[in-house]
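I am attaching a structure below and will ask some questions about it afterwards.
The letters A, B, C and D name the chains in turn, as written, and every chain counts its residues from 1.
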Amino acid sequence: MIRAGIVGASGYTGGELTRILSLHPHVEIAVATSRQYAGKKLSQVYPHLAGISEIICENVDIGELVDRADVFFTAVPHRTAMDIVPHFLEAGKKVVDLSADFRIDDAAVYEKWYQPHSAKKYLDEAVYGLPELNRERISSARLVANPGCYPTSIILALAPLLKNGMVDTRTIIADSKSGTSGAGRGANVGALFCEVTDGFRAYKVGSHRHTPEIEQELAKLADEDLTISFTPHLLPISRGILSTVYASLRKDIDQQDIRELYQAFYKNEKFVRLCPDGSFPATQYVRGSNYCDIGLKVDERTGRVVLVSVIDNLVKGAAGQAVQNMNLICGFDEELGLETVPLFP
Amino acid sequence: MIRAGIVGASGYTGGELTRILSLHPHVEIAVATSRQYAGKKLSQVYPHLAGISEIICENVDIGELVDRADVFFTAVPHRTAMDIVPHFLEAGKKVVDLSADFRIDDAAVYEKWYQPHSAKKYLDEAVYGLPELNRERISSARLVANPGCYPTSIILALAPLLKNGMVDTRTIIADSKSGTSGAGRGANVGALFCEVTDGFRAYKVGSHRHTPEIEQELAKLADEDLTISFTPHLLPISRGILSTVYASLRKDIDQQDIRELYQAFYKNEKFVRLCPDGSFPATQYVRGSNYCDIGLKVDERTGRVVLVSVIDNLVKGAAGQAVQNMNLICGFDEELGLETVPLFP
Amino acid sequence: MIRAGIVGASGYTGGELTRILSLHPHVEIAVATSRQYAGKKLSQVYPHLAGISEIICENVDIGELVDRADVFFTAVPHRTAMDIVPHFLEAGKKVVDLSADFRIDDAAVYEKWYQPHSAKKYLDEAVYGLPELNRERISSARLVANPGCYPTSIILALAPLLKNGMVDTRTIIADSKSGTSGAGRGANVGALFCEVTDGFRAYKVGSHRHTPEIEQELAKLADEDLTISFTPHLLPISRGILSTVYASLRKDIDQQDIRELYQAFYKNEKFVRLCPDGSFPATQYVRGSNYCDIGLKVDERTGRVVLVSVIDNLVKGAAGQAVQNMNLICGFDEELGLETVPLFP
Amino acid sequence: MIRAGIVGASGYTGGELTRILSLHPHVEIAVATSRQYAGKKLSQVYPHLAGISEIICENVDIGELVDRADVFFTAVPHRTAMDIVPHFLEAGKKVVDLSADFRIDDAAVYEKWYQPHSAKKYLDEAVYGLPELNRERISSARLVANPGCYPTSIILALAPLLKNGMVDTRTIIADSKSGTSGAGRGANVGALFCEVTDGFRAYKVGSHRHTPEIEQELAKLADEDLTISFTPHLLPISRGILSTVYASLRKDIDQQDIRELYQAFYKNEKFVRLCPDGSFPATQYVRGSNYCDIGLKVDERTGRVVLVSVIDNLVKGAAGQAVQNMNLICGFDEELGLETVPLFP
C-alpha cells in the first residue's frame, strides 16, 4: 500500500480525493490536513463519508508532514502550494499539485496573472498533468502540475485539430460554463444557493486566470503562439463543465474527416468518449466520473468547427485527474480508483 | 377597454400573456383558446392564476373567433399560425403573432428552414416586432411578427455596433443559453425534470431555426449580408436566456467608447439596462420582467468585443414583448402592464 | 405620499420590501439603511432593482433616522430590533417589525427561547400582524409584530379548525419545509449552492424558535394551552414554505363539512385561496405573491385532518405581509402594492 | 459469472441496475428488455453508460427470455410483473421483482389498492426484500418482492422502536418527501422540469398505494394491526427520499436510551448509518449509494419521538436493494457492487 497525504482535505477537491482514494486498492490515506477542521473527523465535515473514511483532519507542521506519506496531493490555493511543495520534493516525495502554481512554464507569465513566484526553480521540472497528451513525461515525474478544470475541457477538445494544423489559431473562442463547486467551499455571498439557483451569469470576461494556461498548452500543440478568447460562466449545478469551442478551419475537411481524426487521436483513451454524429454531450452524463465527452460539428455555412466538451470539474477537472496522475507516477494501472460509472439521473 | 384574444392559452406563453394582461389597465382577455383544455378554467391548468383570471379555455371555430376580440395574440406553433392569422387580418383585427411564421421576409428562406408557407402575401406587411429598433413601423402595423427569444437577446446586444459599422461581420459568434420553458409545455422525455436538472447541454449546433431570423435582422442593421455561428444550449432553469456574443472589432475603440455608444443608442429605452463596467448581467436579475440587460467588454488582447445580454425568454423573449407591441399598435403607453419588478432571489 | 424607512435594506427581506414598495402608489422609500453597504446604491447590492430604485444605502444614526420617515420597517435580526424600535415609537412613528422581538406576549417565554428582552414595556402594545385574524387591532396599532414565515403558514392552515374546536389540540404536528432564502443572505457554508442544491434535510428538530410563537397564536385560537411538534426542513428552492399539518378530529366531520368551514372562514380574504378537493397547493403557484394557498383532506382511515398550506416566505411570510400591515395602520387599501400575479413557471 | 436479465431496462431503475451491475464482479447482464427502445444500445438511451455497457435493448418473447439468464430483475410497472414473474419461477429461475405485485401478503388488500391479482399463488412464497429485517428468509427465496422506496425509508426508521414496543402504534405519522426520479421516465406534464423545479408540493394525501405496504410491515414488527397517516411530497431533486416519522412514546425513554437501542439494532448493518445526536440526515449525503441514514430525536415537550431517515430512492429504494437481495439469493457477499461512495456535492 502506498501512503497518500491530502493537504487541504476539507475543500471540495479534498473531499473528492477522499472519495476516490477510498476506492483505490493500493492506496491508503495516511494523513489529511485542514487548519479549519483540525481534530475533527473528515466525516463530520463531509457526512457522506461516514462509514467510508475514519481519517481525522490534522494541522501538521510541514516538517513532520513530509514523513507521513509517500505521495502528496496539494489541494490548496495557489500561493500556498508554492510554499509547501518544495519541502515534499526535497524530502524525496512525489507530488500532484492541484493548484495553479506549477502549471505555467514561464515565471513572468505566472507573475503577470497571479503574483510573485517563490519556487521558480521547480517550474522546469513540473510536468503538466494531462495524461492523454503527456503520459510518458508524467510517468517519470516527481512533480505533476494537475491541470485546471477549464483548461482540461478546452485542451482535450482542441488537441487533435491543433496537432494536425487544421484550424486558424487566431480564431479560437472558448465559451465555457462551470458548475458552482468550482468556486470552492468558502463562505461567500456570491456562491449562496439563492444567488446561484435558477440563474446564469458570465464572469471575469476576458480576464480569467486560466487563460494563460490554456494558451500555453494550445500553443504547444499548434507549435505556434496564439491568443484566445475565453469566457467563463457560472451554472446552477454542482458539478460539470461544458466548453463550446469555435475555430475557423484552415483546411477543407468535413464531418466525416473530423470524426476519423478524433477517433484515431483518442482511440486508446479510456477516459475520452466521442459522441455520435448529431449528438452533443451533457454534463449530467459524466457526473462523478473521470470521463471527458466530446461532440463535433463542422459547420459548412461558416467554415468553422464547433467542439463541445464536458467533464466533471471535481473529477477529470481536479481530483480524478490527480489520481490518474498519481497512478502514472506510482506505476499503477491508470484507471485504478476511477472505474466509477457516471451517476444519472 | 380593448378586448384581447389569446389563441393557444395553455402553453407557457399563453399563461404568461394572461399574467401580464391581467395587470394591464386597458385590456380585458375576452377569449382564450385551447383544444386540449377546452371547457376548463385556465386557473385549473395554471393554479397560480386562481383568483386572478376566471377565463375559461375554449375551442372556438375560427369563424366565430374573429369577432370575439379586437386584437389577437397567436401563441401557437409555427405552421398553425399561418393558417389562422389571415382570418383575423381579413376581419380587420390586429394581430401579434408569437410564432415564427411572419418573421422571415423571404419566403424561400422560410421554406428552407421551416416548411412551405401558405400565407406569403402577408410577409411584406408583417413588421418585425422589436420596438427598440422598429417602433415607428410597429405603431402603424396590423400584423406584428413578435421576435424569437434567442434573436431578441442577440440583436439587442449587437445593434449599436452593427448600426455603426464597428465589427467585422464575418466574425460574429453567438453562444446562447436558454431556460427550459423555451421548450414549451409539451410532454417529452428530454424536458423532464430528471433529464434537465443539475445538467447542461448544447443542442442543434449550427442548425437551429432561429439562425436565419437572427442573420436577417443583423444584416439589416449592418446593411450587408452576413452569416453567423449560433449555438443554443439548455440551462437547468425555468426562465432566462443569456447570449454571449463575440465579434472582431473593425475600428479601434476602447471600453469607454463602446460604453458611450451603447448609452447613446439605448438612452431612451426603458427596457434596456446597461451593466456598469466590469459587471455582467445574470438571468436571475431580469426574471419575470421585460428587461434586457447588457454587459460590454472590449478585449484588447484579442481585438474582439464580447457582449453578454440577458432576457426572460417568456417576457421580453415572448409575452412581454408581445404586450409591448400590442401597446404600440393600440396607441397605449408602451410600458403598460409591464411595470413589474424582476423577482430575485 | 407616505415616507417609508427600511432598516436593514440589504437582506433578502429588505430587497423584497423595496420591490413591493416600488409598486405602491402612496409610498416612497425615504431612507434605506445598511451598515455593510453604506454609500452604495441598493441596485448595486441587488442588480435586479436597477432602473427601479435609486435609493442609496446609508448608515444613519438612530437619532437622525427617526425623522427621516413616517413608518419604519425593521428588517433586522432579533435583538437588534428591540434596541431601535422604542426610538421610533417614542418619536411618534409607526413600526412594522419583521424580527421576532415583539411577537411573544410573555417576556419569560421570549427569554427562554431567545435572550434577555430590553424593551418589555412594548410587548403588550405590539399587535401580532396576521391581518386575516387581527385586522381590527392592527388597524389601530403603532407597533405591529410581523409574524414569522413558518407561523404564518401554520396558523392560517389551522385557524378555522381551532376557532371551532374541531381538533384534539394535543395531536397537532406541523411538518414544514422552507426555501433557502429564509436563511438570509449571510455568507455561511451551510447555505452555499453546492450544500443545498439537489438535496433536502431536516434541522432544529423539536427546537426551532418559531415553536413558541406558533403555540401562542394557536392557543389563542383554541382558547386553551397547547404544545405542538414542529419540524422545519430546508428545501432546494429560493422562495416558498409548505407546511403539512396533522391533527386528530374531535368531531365527526367529513370533507364537505371542512370545505364549507374554510370557505366561510376565509370568504372575504383576498390573500387566502382554497384548493379544489383532491388538489393540493404547491409553492411555485404562490411565488412572488402574497397568497396563502390551502389544501384540505379529511382522512377517514385515521380520523385525522391533513392540511397543506403554502406561502412565499419572503412575501406573505415577510415583506408582503409587512406591507399589508402597513396598509392597515396607514389606512390604505389592504392590497396596495400587493396585486402582483404569482410567477410560474 | 451469473447471468442477469433486466426486464424493463430503459426506465430509471433499469438504468440504475445497469450502473450497479456493471461494477459487480460476479454478474454479467445477459439480456436487457425494452419495447420502446428495442434494437438500440442502452447507451443510446442512457449516454452516461457509453463505454460502460454494450448491451442492446431487446423485445424478447417471454418463452425465449426465461432461458437467457439465471436471475431476473423485473423493473416493470405493477400488473405487468404479475404476468411475467410466474414464467421465470416455473422455469426454475430466481426473481427480484421491483414492482408492487408481490409485496402485499393479502390478495384482498392488494386488490383494494391496486387491481385484480393474477398470480396469487406466489404471494405466500414471495419474501419481502428488506435484508436488514428478513435476511435469512431472503437468502433461501426464489422470489423476492423488492420493497417500495417510501416503505424502505419508513420501515427502517421505525423498526427498532416497534420491535421493542416503544411507541403507541395509533399515533404514527410518516411525512415523506421524494425526488422526482420516483415518478419514472414517462413523458408527462407534471414531471417536466418547469413544473417541478423551484417548487414543492404534496400529492395523494392519505391515498398513496404504498400505505398498505408500510402498514403491513410495521404491523409485523409491532405484532399488532395498525393504521398510519402517510403523506408523500415531490421534491425538486432527482434522487433521494427523506421521511420524517412521528410517534408518541409508550415508555419513558430519553435520547440516550433511544440511541443505544438503534445502535444495538443496526450494529452489524453496513448500509444503515446513524447520525450523531443533534445531527439529522440529508438526501445529498446518500446520493448514489445504498445507505439509509437515520437521525433520532426524543422530544420531551411533546412525548413524541421524531425519526428522520434518508435513502437514494433509486438505490436503497430500488436497484441497490434489488442487487443486495440478488447477492443474498445467489450466495454472494451482500455488499458486492454496492461499495460506491455517496457523491457529494
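In the analysis below, a contact is a pair of C-beta atoms (placed from the backbone, for glycine too) under 8 Å apart; a residue touches a chain by one contact, two chains touch by 3 or more.
Since the model is a prediction, treat every value here as computed from it, not as a measurement.
Colleague: Kindly list the shared contact partners of subunit A and subunit B, in label order.
Modeller: The shared contacts of subunit A and subunit B, listed by label, come to C, D.
Colleague: Does B-D or C-D have the larger number of C-beta pairs in contact?
Modeller: C-D
Colleague: Which one of the chains is farthest from subunit A, going by Cα centres?
Modeller: Farthest by centroid: C.
Colleague: Quick check: how many Å separate the C-alpha centres of subunit B and subunit C?
Modeller: 36
Colleague: Please report how many Å separate the Cα centroid of subunit B from that of subunit D, as a whole number.
Modeller: Averaging C-alpha atoms per chain gives centres 45 Å apart.
Colleague: What is the distance in Å between the mean C-alpha positions of subunit C and subunit D?
Modeller: About 38 Å, centre to centre.
Colleague: What parts of subunit A, by residue number, touch at least two of the other chains?
Modeller: Each of 12, 181, 194-195, 197-198, 236-239, 281-282, 284-285, 287, 345 in subunit A touches at least two other chains.
Colleague: Looking at the complex, which residues from subunit D come into contact with subunit C?
Modeller: Within the complex, subunit D contacts subunit C at residues 171, 173, 175, 177, 194-195, 197-203, 205-206, 227-229, 231, 233, 235-240, 242, 244, 246, 280-285, 287, 295, 297, 299, 301-302, 304, 306, 308, 310, 345.
Colleague: Report the residues of subunit A in contact with subunit C in the complex, numbered from low to high.
Modeller: On the subunit A side, the touching residues are 12, 180-181, 185, 187-189, 191-198, 236-238.
Colleague: Residue numbers of subunit B touching subunit C in their complex, please.
Modeller: Contacts found on subunit B: 12, 15, 19, 22-23, 44, 46-52, 181, 197-198, 238-239, 270, 273, 275-276, 279, 281-282, 284-289, 291, 293, 339-345.
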